[in-house]
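What follows is one structure encoded as structure tokens, with my remarks underneath.
Labels run A, B, C, D and E following the written order; every chain starts at residue 1.
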Amino acid sequence: MNRLTLSVVALVVAVLPFAPLFLNTYQVDVLNSIGLYALLALSLNLILGEAGLFDMGHAAFYAMGAYTAAILNTHYQIPILWTLPLSGLAAGAFALLVARPVIHLRGDYLMIVTIGVGEIVRIALVNDVFGITGGANGIFGISRPKLFGWVIRRPEEFFYLIWGFVALTIFLFLRLKQSRFGRALNYLREDEVAAEGSGIDTDAYKLAAFGLGAAWAGMAGTLFAAKMTIISPESFSFWESVMLFMIVILGGAGSVLGVLLAAFLVIGLPELFRELAGARMLVFGLVMMVMMVVRPQGLWPAQTPRISLAALTGARKP
Amino acid sequence: MLLEVEDLHVRYGNVEALHGINLQVRQGEIVTILGANGAGKTTTLHAISGLLRPAQGEIRFESRPIHKLPAHRLVGMGIAQAPEGRRIFGTLTVRENLDLGAFTRTDQVQVAETLQWIYQLFPVLAQRREQLAGTLSGGEQQMLAIGRALMARPRVLLLDEPSLGLAPLLVKTIFQTLWEINEAGVTIVLVEQNARAALKLAHRGYVMEVGRIVLEDRADALLANPEVRNAYLGGQAAGE
Amino acid sequence: METLVADGMSPARVPTEGMSLLVLRDLTKRFGGLTAVNAVSFAVEEGSVVGLIGPNGAGKTTVFNLITGHYRPDHGQILFDDRPLAGLRTHRIIARGIARTFQNIRLFQRLTAIENVLAGCHYRMRSGIVGGMLRLPAQRREEREALDRALQELEFVGLQSQAAVLAKNLAYGDQRRLEIARALATQPRLLILDEPAGGMNEQETEALIGLIAQIRARGVTILLIEHDMRLVMRACEKLVVLEYGGKIAEGTPDQIRRDPRVIEAYLGAGDDD
Amino acid sequence: MPASGISPISPIHSASPLVEEFLQQLTNGLAVGGIYALIALGYTMVYGVLKLINFAHGDLFTYGAYLGLTLLTSLALTDRLGFALGVLVLVLMVMGLVAVLGAILERAAYRPLRESPRLSAVVSALGASIFLQNTLMLIYGARFQVYPDDILPTATLNVLGLYVPLMRVLIVLASVGMMVALYLFIQKTRIGAAIRAAAIDQGAARLMGIDVNRVILLVFLLGPALGGVAGLMVGLYYGQVNFTMGWVYGMKAFTAAILGGIGNIPGAMVGGLLLGVIEALGAAYVSIAWKDAIAFVVLILILIVRPTGLLGERVADKI
Amino acid sequence: MKKSLLAMVAALSLGLGGGAQAADTVKIGLMAPLTGSWASEGQGMKKIVELLAEQQNAKGGVLGKPIEVIVEDDGGDPRTASLAAQRLTTKGVAAVVGTYGSSVTEASQAIYDEAGIPQIANGSTAIRLTEKGYQKFFRTAPRDDEQGRMAAQTIEKLGFKKVAILHDSTSYAKGLADEANALLKKKGVEVVFFDALTPKESDYTAILTKLKGANPDVVLFTGYYPEAGLLLKQKKGMNWNVPFIGGDATNNADLVKIAGKAAEGFYFLSPPQPQDLDTPDAKAFLADYQKKYNELPPSIWAVLAGDGFRVAVAGIEGAKSADGAKSAGYLHKDLKNFPGLSGSIAFDAKGDREGEVYRLYKVDADGNFVMQKK
């Protein structure tokens, strides 16, 4: 990272916590939306960016988490934020279950299977599977989250909840990236055969990437359910998966900061183009195309090398 | 002069891989290019066959500048390459591979003659003509790669490491055939790691180091050159 | 040492000071109608360097892939350290102490040299998702140790100055050596090299012969496939020759060099280069 | 509560209504599948040569439908030339225009990304898809567009008790005909060989004297042309088109291409027809509401057994 | 490049600005699906509301100030709708009209309620929208249960004994189908088929074949007009002459365009068609609309958005204040027999429209929608 970008990042980090003070509720809500998508995209980035597994059905895991939270909250009156780990677990377990038989599929074949899983989940939700998802109506009446007795209701309040979780996610994921686990995902992205031949259980790591990414998406789903207080299948359509996919690739697969930046653009641009009314999606599509052509590696590609020379020389000294 | 390369510079992005190469190939010659890995031998071949665009310098074929022409135009003019790693079309049959070698030719009768010639040079290809090329062994694939290049009836044949990964017996066979091909009038430019075999076959040789030509001489002179022996022939050979 | 001419029978224990680290017994692999490996048996003694040679398509790489678990044998046995390997997945086999390099270089191209070598350290490390996220002291210690080991291996193959260079930006010979460093980082007892000198010129091959000797001096047993006869003759103490999937000869380099069947099938007559 | 004990399925004229219904559903599925197959060909051809999933292909299909409508109504082709000739001219015009659109798309959105990571081109394709779709909405408006309904003959064939509209038969025949023609072109001609060579190894193809850029251009003319015709056929036969229809059909066709083994031309045909039949039978015998889910479950099961689709090459990783 | 990226981000954050300005106009928000699947409805809504505002302003606006209509696109999707709603709340609107689609409306209800802005929905018929106790939520559209009741009555009255019910899994269509199903069973009418099709496809012959196998007297389709049109057309192609009854979402002129002659004999339930609006006021307005846009409104839902706009204005005028609580209070209590385009309007305590709105229509041989006598 050069000095300019470092200082810009520092500036954003310094200013962001105060954003609700000088933005109106709409603008704060746009930031909340961006934050949710940033969370989802970061979770997809583990699967798609770090491990190189083409997942274009990520909305299924997001839905899994949101519905788990909503059902637990409305049927069993469990406070919505308490369901966070449970919906993460549910989404993660679901991902492991469905990914297990198809984990050997390569590239585009895996992509269509994930698209299929996303559609199957959506259709199941629409058809009110097990009679608990509310069908096309979805689930409503989800209670507002409470944190230390404080009811979170206004966008300004959600801002801190969502972005606090984003900050925690970035912190953890950046560390994970430089760990044994993170490297293993990169090995299998680069060359599966060589990774297996270096003693890495590639199947286990692919599943782990799916499980962890899905679990995180599930937790993002909980926040979404808490924010909207009503969820319905149309919030988890194929289009959502496509948007997340675009965010990760546009940002630069495997790049945490790039993914964040892309979440700002992909979610923010259509808002920026609101003045264009009916033409706003047209301009959005054009901008996507142009950005990709101008920056084929992504807006902010992953930094290499990630192990600094300083760390190398440090390690040599016993 | 059949082929002339003059002050050739090639860049990959910001890195210059060739810093001004000069070489000449006369009609009927076998010329070999030696050098360590990364010296720029393959880059030179790719520039000649049009897969890479030179940043500077000129390549002339029969006195016509060709360095601005795309690869597919050069095949018709008489420059064919059997690339490194063979790059045969694995899911097509042997016969289809050979037919593609003659893609630019329209003289069906003569194409059939060339095909017979190639089956004669490499009888195994005739036996396996209906087989998928990907199922051939490494040596057979190399023969197919050479045969496919010859189907264009080139004036000059560029060969990139034809002995790579081949058993000693096969290397001998291939080099024997290269000699036959040359006898039939095809000029050959040969890039080889197996410097000894290459120099024994070639008339002349060039030695490249990090993007430059450092030595140029008759092949037997290079074979005797102590520097060359030291650098590329591993000092004294085992078994001698 | 005595020559064991192939007869499809299991090899007699060769009386050397070492034990047989790897024993192949009657190994057979078919692909569709093609028998790629046909009842091959041989043994690799602990501490030795054994060469597997033969014409292209003789099934040498298939034998390697059977040993490292990329393929399952249709018939026969592979014993490593007297325990069967059959049915294990590759990473389990690596954990048993077998490491390999590939005929076509398979590095993690967009990662640095040191990260490539760290892949070899992977299975001896413990930390998982939670450890990685929280960066606990145990995990930090483990990372430091792994980094240290990886650097040692880089140094061993002479690439310490290239540690932070992306694998794809390394020279060809350096890439081959990096692959060996990655394999060595798994701390193998048996190292399997598939055409390590492929694409090297004679001088680079010289250096490789030196490196093989060094690896052997560390006590690592080596099994290699190679077409470069100078390397094979000088580095190996035993050669196994395959043709059409079957073993046609086994013995010392000198014996093999004079074996008429090997000359006919593989080496060719006449001058010896 | 039904008071009577009469079965809801009353006997119809045929001896075996169950068999009849099954056959009817089979023909229903084949008719839809033919359209899927025609679109799937575009995906598979582009994928074969560029390893790119052209997510904008579905929108080219929509353009075929819209351009067809505009040409049909503004030029009054069938009035002037008669039905058969008019439709033929219309088909050719739509093919040509959509092919040109495909070529422009290749030039603008994909060629600059040819050396880039594959997924970058996928995102560019998605962007192009959004762009194309919304352009159409701005030009024609968001309302459904409707083909004049007096153009096609409405004759219905009654074969063994099955009602098969004549146009359906024609559509299936036309689809199969175009597919066979394409297959022969790829397999038997010199240019077809060049396409196959470029699909395997572009660099080697250039060394054969093949102009790879022209091959890619050709693929981006042929695939969209077939997609455009499919759009026209849907418009002519079903009568209504809307600017988002390419998204639905495109996804189905992409599924079909994968089912058959992407990159494989006969695979796209088999995959398309099979997907149509699976959908029809799934709707008939399991549940209409779960039809798409059933199709995906079948796809996943097939991929578990055959990881590269029905006719896809099984690429063993060469080690 | 980095710099230009930063510039983009900066532009983005600035572009999202533009808060409320000084109130020299009365702002009325319209939330409508201008893009996405229901863009055609949304654009109709926009045209109607803008024309009405123009006319109102010509008459002097409201409270002596001109009316400014602020349109936000909800994309027909709940998440975008919640952002659109937030944005409208920051613009100082006195009331919001819209939107089309119950779940989309639902995603915005709480936001307006918390901001104290009255919302008058048009194309949102789900029962529960008015069961939550929001005091500032109204709708000009009738509720699904009323339509369900009407559907069951009609089927009974027309004497059908075996009914097949087909919906499209959307919240609205499923709700209506469930409602009708329960009522029909209660009345002793046999329901021989109940399932959902997948919207947006072109070929429904597989479904029709299955339907035919169930041999119903009549098919009740509760989904939308594009699918209804195709069903009718393909049903005719199969030589199957069973009558079809549609719900109010099939009320769209495009239905006949899609189905062609096959539309003849199709029944549907709907609030009165734009052209059946019989008050002179409505007739005059439709003439103006035709003059300005050279077409008729796409459906009754757009007209109901127009009514929403008029009601919103009436509320402000009646309360003599742009304050949300006051105008909402006026609408609940004091608005009686308000002359809307779709007939007289009054709201009950829940914010639902009072009175029976539904009519039975039948398509005649020329493709006209003919209102049947009650």
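As a working rule, a residue touches a chain if its C-beta (ideal position, glycine included) is under 8 Å from a C-beta of that chain, and two chains touch if they have at least 3 such contacts.
None of the values given here were measured: they were computed from a predicted structure.
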{"item": "Chain located farthest away, centre of subunit B as origin (C-alpha)", "value": "E"}
{"item": "Centroid-based (C-alpha) most distant chain relative to subunit C", "value": "E"}
{"item": "Gap in Å, rounded to a whole number, between the CA centres of subunit C and subunit A", "value": "42"}
{"item": "Length of the line joining the C-alpha centres of subunit B and subunit D, rounded to whole Å", "value": "45"}
{"item": "Geometric centre distance via CA averages, subunit D-subunit A, whole Å", "value": "33"}
{"item": "Rounded Å distance between subunit C and subunit E, as computed from the means of their C-alpha atoms", "value": "72"}
{"item": "Residues of subunit B touching at least two other chains", "value": "none"}
{"item": "Where subunit E touches two or more other chains at once, by residue number", "value": "35, 39, 43, 169, 196"}
{"item": "Subunit C: positions in contact with at least two other chains", "value": "70, 102-103, 106"}
{"item": "Residue numbers on subunit A that touch subunit E, as the complex places them", "value": "4-5, 8, 23-27, 29-30, 33, 126-127, 135-138, 140, 153-155, 228-230, 232, 234-235, 261, 264-265, 268-272, 274, 277-278, 280-281, 294-295, 299-300"}
{"item": "Residues on subunit A engaged by subunit D in the complex (per definition of touch)", "value": "48, 54, 101-102, 104-106, 108-109, 111-113, 115-117, 119-120, 123-124, 126-127, 192-193, 238, 242, 245-246, 249-250, 253, 278-279, 281-282, 284-293, 296-298"}
{"item": "Parts of subunit D lying in touch with subunit B, wherever the complex brings them together", "value": "190, 193-194, 196-197, 200-201, 203-212, 313"}
{"item": "Subunit D residues touching subunit A - in the complex, by the definition given at the top", "value": "47, 53, 108-109, 112-113, 115-117, 119-124, 126-135, 137-138, 142, 251, 254-255, 258, 262, 289-290, 292-293, 296-297, 299-300, 303-304, 307-309, 317, 319"}
{"item": "Contact footprint of subunit C on subunit A as seen in their complex", "value": "172-173, 175-176, 178-184, 186-187, 190-191, 193-203, 208, 212, 304-309, 311-312, 315-316, 318"}
